């Protein structure tokens, strides 16, 4: 028995649920889970259906059947097979905390994907990747030649057939070209509770502003910096006793758990993007 | 247009979603929201469907049609009409904080019900009820005559056709007879994070034990004290600086918000009981 | 026995703690509580000392003694007597939730001050104040005559010898003149997690941005809108299911508890302002 | 400049603060930080003072001076030098998540101690220790010979001059003899929000009870199982959708952060034990 997940978006119309659930029922497929959300303000419909695919039907039969239904109901959708391993690449610079957390969760089996490689624009984290037996590639950026470096990185991603790119405190701004090569498939961690403290040096600015909580935000990278659809956020309460350095340290633990949760949600096919927002169906 | 909500529970079987959604679609009723949960461990299926009922169909037609479907699919269910006002009674003793919070939310229109009366076993909170123009009945308990008092309270509840009884820090243990008169319709607040500190004096015991967080729990009252299905819980971080009195004061704010949220969830027909657990569909 | 609280700020120097604690000890005054914080980045020292003043010493003697010490150690400070009631005014517009919460806490005895009056620029909340037997003054704003209205409000504040002004969702921007009449003594609630969503319509903007948590911020009002020193913040997790209206409703419960906590902290003399930041000593 | 930390407990008496701060001032030592807490219910006084020790005074001079003061004021205390490395041992069984988190934080420099060795009663986690180049000792327990195994473990701890023993999901109950060899120096993580779900299988029981939040508790190990003084707790909100397996997975992230925070607090000399409670001075 294989699990198949459909992520569906559509204009909201009567009969969508009856139509889709009827489709699976009529083919004898068991629905394991079905979640929907209707955005009444924008008249949009979102659905995540997980069904069991037995030996009596091939992927091809299932997909062509569903394609027909989708054409009739005007659905936009994607299909995901639990069996298919998703390949993940992690881009890093010099700080290790998010990288460690992802490697550790992968090792413990709680990441629905395989980390294929780690790419650093600095060599610092090679030893971390080494510890987990993950190939590390150092792609430094020569003055004025960041396009070359991006080409090299893109080459590595293509070579490893990467499905998801995770920016684990990668301290470079990616070009539009790079980002558009992996639409809705690059996840970044910003070390602040967006939209507060967009841009650089958020902990210093948080301290100067005297906020009483700090946070972190994981979002899909888009052409506009720190403006992509948010997947996950979290905060922690701080007091006046924490200076910028303490905030940075406290923040590390928030960043890593926010990024890991966002990556888990994406790899478990629980996220649908809707403009600047995301629908994230709970675990 | 009236909104109708079906709360459904059943053994899990193939075709439930297709069957139920097909029923509404075939009758031209728009599904506003549909949430399901399959408990794979106990093979149980739970569903909350909200549909729009227009002038083209009567309640009776809808209900008799659905009854037929339910018989075929072996569903247990209840039907709730958004139009029908639910009558709420609040039982109190001497502390006002939960009562205030419920009255305030009712006043602000964020409680899907009408508070018909407040009953106290002490006269202390009459002035609070007065402020909000809610009738207050004092039903004191004479030594050894608690059965008589319960009869008087039950009489008031029946007279006001009460749908939900809220124990807002009512410091008496109700008899099985009383509780069985309102099955799954009495909500109690316990001033601790159950199952920690069941029974009396939880803040004192929390302080003695040196816990680092305190909490509160709203649950349906059942024959066994503090053992009913939990609807909502919350906690707050405390430090060594808080003695039992400070915990009590901090706790008041947790208690009131936990109780109010539980009452809101019940009155919005978002709760289904399953043995000792509850399915609470999010707001 | 009366409790006296000293709030002290100073440049950081050796011997401050020894000097101050020695002062109280040599006069036979018992230190109930002493909290300090050294801001090493800005070389500032902050202290809150609570001592017991018995019949053997007058206020005048205590104050003149401490004044001498403070001159020697170059301390800036304020003295507060637990016995002295602090007079509070609440300014409101049309939404009642923060007002209710403050009135309720005052009634329960958990606000270290007396609410003397409620002032609205609209008449809507008169009935709320009435319920708690608090005088309500309606000071509407005539087109182009907001200075006149502010004069009237200031007159009321002076007449009632107000110590703290609470803006409980008062939807008007106060003039610099007004604000400078009550420096460090006006507390405002902003319905967002500052510095995110400064200015108007934060819930709508939070929804559009697709954040996963919403919050509220209580701060001292200063000449720059939403830029004053933050006293308290809190957030709650939301999901994609909440539209702007749901956020507004969820937000109400965050706003009220954040504002009440900030007002409690101020009235308990637990807040010291340091530029754009606050030192808030825990309860 | 070396930092020296004094952890002090005493009966509460007038003049303690003046006496202690006067001591440091008179010797020309700068107080970097001073925190106190008076437990008025039990009339106990607790203090953490951090001072700078320059070249003008030796450890011996400081200690003998303070010993004299302490004898006069009847203080119980301990002295800790920031320079002195604390040796940490981690005991594990088969699950890696807490071990990983501690190793990772040590690697990042946010653990004020050196992990000297990892001891497992099973060989499973040897590879994890290997990755971080930490010696791993497998001390399996032969049927009926747990005393022998404990002797072997104690031998290793003595050999490595261990200051703190961390039970990172070590699934064996330690003997009183073992525990009394490291009084107030063994930290355990319990995978529930104590005192709820003491003993075995807490996630299963949490699911059966239908709680809406799960938690974890780090505490000092004492002769009574799960009854030692609590250092740190945390919880996360769950829904009906999580079965026991999901709780276990969610719980792993709570356990690791709670244990790491408790270990950090202990190693930073921020914890004082007072009977069944702990005073934990904030970071």
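The chains carry the letters A, B, C and D, assigned in the order they are written, with residues numbered from 1 in each.
One rule holds for everything that comes next: a contact is a pair of C-beta atoms (placed from the backbone, for glycine too) under 8 Å apart; a residue touches a chain by one contact, two chains touch by 3 or more.
Being a predicted model, the structure only gives us computed values, none of them experimental.
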Identify the chains in contact with subunit C as well as subunit D, in label order.
-> A, B
B-D or B-C - the one linked by more C-beta pairs in contact | B-D
Go ahead and note the Å separation of the Cα centroids belonging to subunit B and subunit C.
-> 36
Averaged-CA centre spacing for the pair subunit D and subunit B, given as whole angstrom = 41
Among all residues of subunit A, those touching at least two other chains are 239, 241, 282
Of all residues in subunit D, which touch subunit B in the complex?
-> 37, 39-41, 193-197, 207-213, 215, 229-235, 239-241, 243-244, 274, 276-280, 282
Which of the residues in subunit B end up touching subunit A in this complex?
-> 14-15, 17-19, 21-22, 24-26, 28, 30-36, 38, 237
Residue set of subunit B touching subunit C in the complex reads 96-97, 100-101, 104, 107-108, 110, 131-132, 239, 241-242, 246, 249-250, 252-253, 257, 282-283
